[in-house]
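Chain IDs A, B, C, D and E follow the sequence of writing; residue 1 opens each chain.
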Amino acid sequence: MTLAVRDLAVQFGGVAALGGVSFEVRPGTITSVIGPNGSGKTTAFNAITGYLRPTRGAITYDGASLAGLRPSAIARRGVVRTFQKTSVFPTLSVADNVMIGLHLSGTAGVVAVLLGRRRLGEEERRLAAEADALVELVGLGHRRGEVASGLPYGEQRLVELAVALAARPRLLLLDEPGAGMTGAEKATVSALIRTIRGRGITVLLVEHDMRMVMGISDTVVVLHHGRVIAEGPPAAIQAHPEVIRAYLGATGERA
Amino acid sequence: MTKRWAVPATLVAAALLAASALVEAQAPVKIGVIQPLSGPVAASGNYVRMGAEIARDWINARGGVNGRKLELVIEDNKSDPKEAASAAEKLIVRDKVPAIMGAWGSSMTLAAMPKLEEYGVPMVVETSSAASVTRRGNPWIFRISPPSEMEALGLERHLDKLGVKRADFLAVNTDWGRGAVGAFGDMLKKRGAAVGAAEFMDQAATDMNAQITKIKATGGDTLFLTTAVEQITLVLKQSQEQRLGRKIVTTGGSSSPTQLIKQAGAAAEGSYHIVFFMPWFPEAMPDGRLAKAFVDEWGKRGHPFEGLTEGFRGHDGIATIAEAVRVAGKDEPKAIREALWKVSLMGVNGPIKFEKDGPAGKESGQSKPSIFVVQVKNGKVALPW
Amino acid sequence: MNGLVLGGTYALLGIGLTLIFGLMNVVNFAHGEFYTLGAYAAFATLAGLGGGFVAAVLGAIVCGALLGGLTERVLLRPLRGESIDTTMLVMIGVWIAMQNAELLVWGGVAKSIPHPFPTEPLVLGPVAIAPLRLFVMALAAGLIAASYLLIHRTKLGRAMRATFQDAETAALMGVKIARIHTVTFAFGSGLAAAAGALLGPVFLAYPSMGDLAALKAFSVVILGGLGNLPGATLGGLLLGIAEELGAGYVSSGYRDAVGFVIIIVVLLFRPSGLFARQERIG
Amino acid sequence: MSAPDGPALLTLEDVHAAYGPVAALAGLDLAVRPGELVCLIGANGAGKSSTLRAISGLLRAGRGRIVFDGREIGGLEPAEILRAGIAHCPEGRRVFPHLTVDENLAMGAYVRRDRRAVTDDLERVCEHFPILAERRRQMAGTLSGGEQQMLAIARALMARPRLMLFDEPSLGLAPTVVETTFGIIADIRRRGTTVLMVEQNAYLALRMADRGYVMETGRIVLEGPAAELLANDHVRRAYLGG
Amino acid sequence: MTRAARVLGALLALTLPFWLQNPYYLHVVIMAGIFGVLSLSLNLLLGYTGQLSLGHAAFFGIGAYTSALLTLSLAWPVWPAMLAAVALTALSGWIIGRLALKLRGAYFVLVTISFAGVVSLVSVNWMELTNGPLGLPGVPAPALGPWSLRTKTAYYYLVLAAVALSYLVCARLVNSRIGRAFLALRENEPLAESVGVDVTHYLVLAAVVSAGLAGLGGSLYAHYTRFVSPEVFLFTYTVTMVIMVVAGGKGTLAGPLVGALLFTALPEALRLATSWQWQMLAYGVLLLLLVYFLPRGIVPALRGLRGRRAS
């Protein structure tokens, strides 16, 4: 078991954003979390990656609890995320964005940096090469030197993906990677996600585009009003009566 | 250049040289002035500047020094020691002044002093009261203002008339305030009076009620107050509000009782003030005619009357330097320094003559100024006894 | 008792600053200068024009508000969207320029502002207080109350609060955000000027008087929480009293340290201010 | 329900808009006729909200024309657009949390000068939304999500708009509340106010709308009568989970 | 900058005392150098991590006092005193960093202001240690073996070396993985955390280095003016540093140096250009104009200009 979420609950003020959610992510799979806007998907992501403290519940990764860890510590354990709203280092170039993503791959400490040790240069060259490879992987080779905030929306999302990949995740949490993309771009991203899984990285995905979700997921978890209402392979989910009701709405059901 | 032109060219060059030498002789004698013209103590600095300008104009009206006009190069030290040092550097190096007057506060004077030594330019100190100014072994320093000890000694002969049994201190938390508390405390102890509380206040503080409350609790009879006139006003007002009921004696000579009467009103009634100039009774000054003329000129220029107790120092400082230049016969720093040891003149305050102070071989000059006490009676400044 | 007099004016300063700071995210270093301006305006009214004390305070408010509004309109509006450091630098420039302009106009000599009250203190049981201070306290209280009414009972105040809470939605309601910014800045500056006009006669007016006042205002804002009016009011009173006690019981030299220590302690242990509601996380 | 004919009340022609260098709208064409209920569907990030923001003046259109009731409104301030008759009920309700319900409603009428009529409207709105009438002095932030949605709609109505823009009115609401909300929107439209609605619950939205537009990356990719879109295969697969 | 320009600049810096015959100008340049160190230090926090410290005068002052007290009271030689000043300020940077860097934006600004305020009041009131408002006169000048570095020219080279060292420290940090972490925190803190950048560690690191450099600046100042008084804690020093960094161009390596040179020279130039009444007023107005027309600073504006010309 890679990631296990047990009875996860998050409250904002008096409002329950998550009301006791449990699900698991098996290694080497693509698992999708779906649900209408406001159903608690992003909240779950934030809780798993240490950006907010759950009211109750347990989150374990590789058998060890992630509770109370800072996001950077969680990243160091191989759990890396992207954000729902496009999130890049805006005034830096694409290549520099990815270089920052490679932070954990670097080893240079203060002393080494200040003394200007020779092996630093080698490390920098290695990291730069790695960054280049990642930029190529997401198909932004031609944008390498451009400032991230100047890129079109879809390409910014690709930068984000490259940054996350640079952190060498073993579990990658993607928050709506296809949002704001054209059909063609979405297809590219879907293919990319498959490639990523092919490299042995487990993927947990939040996505709205059903075609995309159903096309690439091994398992789908459906959240509705802060609870899991269904979990299973895509085909089963599409046929699940409660899911249909949640998606089409009560009115639709009655009509 | 062909040979044919050589002679006339030489002639022209010689003529030019001669002309420039003539102009050189007519060039004014520059004196640097460093004062706090902006910042918290700007008012005092500006009064000193006004006094200095009067001295300059008088001297120039009499034909200048050694036939040359006097020119003041005035710099603002922004009430900041760093700026005082910068200003000294600029005056010496860029403007090439052979002597300086400055720099009001002791911390500013102390900060400028290394520059004097570095370049060898004398400075007449007109206001600073810290003992260390003349004790540091800086042979370029000549002070006409009294250090706090001298001021305390000046008061000593009036002590019985004042009737001090038990005194408290309230002083601004600067070198000046701290120094005054020490000097007057020592003098009082020597004379057998008890010393109670010594309270300090920040330069920018406006509310001294807490200090006054503490002082009220000591049960003394006299409060020695050392700070700028603005704060004295506040302390007087707040003491009255708290019904402190003490004899209040201000030290330092910056108190300007006229301004206090204007600003503190009844709260100033009965207070004593140590001053170095009594513009209310110029005839009572050592040189009554000079003092009267200075007061008149000050008024004619529309300067505020209350500035006179500060402004006279500007006059005396410039007059001293001008006299030294006259004695030296040239405006060259070293010569002026030597001449400063020889000058003896009458200033608005009284006779000015320097005696040696500080470590042997590197003495600074210290003149012994006249010290007076006045009292506010019936809303007017009066001689107390 | 003195703590209350000071506290009342601190509160005025704090309310003005908290509005500007909270709404526009401008670290207003020139806030103290509007305080100074108020004191000089009061001086001009009382000594020059021979007006009454109330007229002087009103005059100060008008001066402060006009110049504040102008500052915002001319200097800050074109820089909207620039980083907080840039606007801060602008306000530093305004601070330096205003202070030295005041020096130029009024000279460095501190001005005592005449006032029509007797200097003999009123004795009420164990408490002795000068009538002026009593009047200042009452006027400060009145101005604080008036600010509350303006903010809570008028259409303009409602729009200001709405903008403060959610500028974009306020714009959707037809509120002209830029105008609200100008008005807020003018209002805040007016209050600072009022504080100056009130404390000026108690103390003195001189060009650098605003520096300390600005610092106090910042302490008050932190104490009360950003953009929190009741917080600023209570914070002002509390700071006034704490200073009085601190100076009385600890050491007068460390009087002004009270404000600093309060800021540090409050920020380290309760960053949203003493009176702020717990903010929603995330 | 059939769409009334006649000249369009609102037209967008080739509208482009961007946040900084990032394009949000890339040549959008759209029209709403008087009395219609039009819905705009599409994935997150497709530019639906940006469309509404461009109409209400929050987002300045860089190119193209936005015409309302025969008058070019592109480039006008939000206040002027509101005065022209377009109210925008924003995504996530966005009530002013520390203003009372009454004050929130008053903010809705901010641009109106006719004080007496505003007071009347306030009473009428409260009659219409009895939940709000009970909580008029309460801070809006203390209301439940559904109550806040009612408040947001009521607040927009206070401007007496001729066209109302709704951005994701069902977002984060319980199913029964969604039902009520949509009932209210239908009611508003029945009373003669034209409606343009952005909604992620495409099924619900298309069921009550006259016509629909499907957006992708800043432009319209599909449009037609709502019933047709509901039956469209592409739409079903992308947005209806079928 | 092209290589040729750089070499030329370095040559100019190295030979400057031979060009500047007038020691007053050299004095201005030395002060600019000291403020250059201070601005580089502040820029590390403000420009690279995006944290505005308005308590930088405290580090400057602590550095100056440490150096002065060690040489005067304990008769330490100057060089170890300088090192101790750097170490002590770095330590205080660490403490402030640990305590205050969980705060952001305006709150962090206010804590740093307050910290400087408290330290300043301590320097005035703790008479036994600091000699209070009287200050500490007679701070010795450094010596190199038998040679005292009292002369302006000698001190100029010392300051030049310090500027070069500070520049090197900043440049190396900024162009490394550590500098990228600083930038990441400035640009997008949540994203930085998500790829494993430890916020506290890097912010505290920046604070420590920044404070240490400010301490170096303070120490240089003390041994140059040879007089230290509580005025070193004046808020105006911090304001000056901020002006230099922001006007020069925060987040660039050259910006703070350009700012330091310009804003040390400006008041002196105004001294020459106009009478004292107008100097500070003109200073304020010029600052306003600069920010108004170049809100991002001089160096970025120049870069933009060159970029536009190139394209």
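Methods note: contacts are C-beta pairs under 8 Å (C-beta built on N, C-alpha and C of every residue); 3 or more make two chains touch, one makes a residue touch a chain.
From a predicted model like this one, the values you see are computed outputs, not experimental measurements.
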| item | value |
| --- | --- |
| Distance in touch steps, counted as few as possible, from chain D out to chain E | 2 |
| Chain-chain pair with the highest tally of contacting C-beta pairs | C-E |
| Per Cα centroids, the chain farthest from chain C | A |
| Farthest-lying chain, centroid of Cα atoms versus that of chain E | D |
| Centre distance in Å when chain A and chain C are each reduced to the mean of their C-alpha atoms | 47 |
| Chain centre separation in whole Å, for chain B relative to chain A (CA means) | 74 |
| Inter-centroid spacing, chain D versus chain C (mean Cα positions, whole Å) | 42 |
| Chain A and chain D: spacing of chain centres that average the CA atoms, whole Å | 31 |
| Where chain B touches two or more other chains, by residue | 37-38, 173, 202 |
| Residue list for chain A, restricted to those that touch at least two other chains | 51 |
| Per-residue multi-chain contacts in chain D, two or more chains | none |
| Contacting residues of chain D [partner chain A, same complex] | 20-24, 43-47, 145, 168, 170-176, 178-179, 182, 200-201, 203-204, 207, 216-217, 237-242 |
| Touching residues on chain C, where the partner in the complex is chain E | 21, 25, 27, 29, 75, 78-79, 82, 84-86, 88-90, 92-101, 103-104, 211, 215, 218-219, 222, 226, 251, 253-254, 256-257, 259-261, 263-264, 267-268, 271 |
| Complex contact set, residues of chain C against chain D | 155, 158-159, 161-162, 165-166, 168-176 |
| Of chain E, residues touching chain A in the complex | 169, 172-173, 176-178, 180-181, 183-184, 187-188, 190-199, 205 |
| Residue ranges of chain D touching chain C (in the complex, touch as defined) | 56, 58, 77-79, 82-83, 88, 90, 94, 96-99, 103, 106-108, 110-111, 155, 159 |
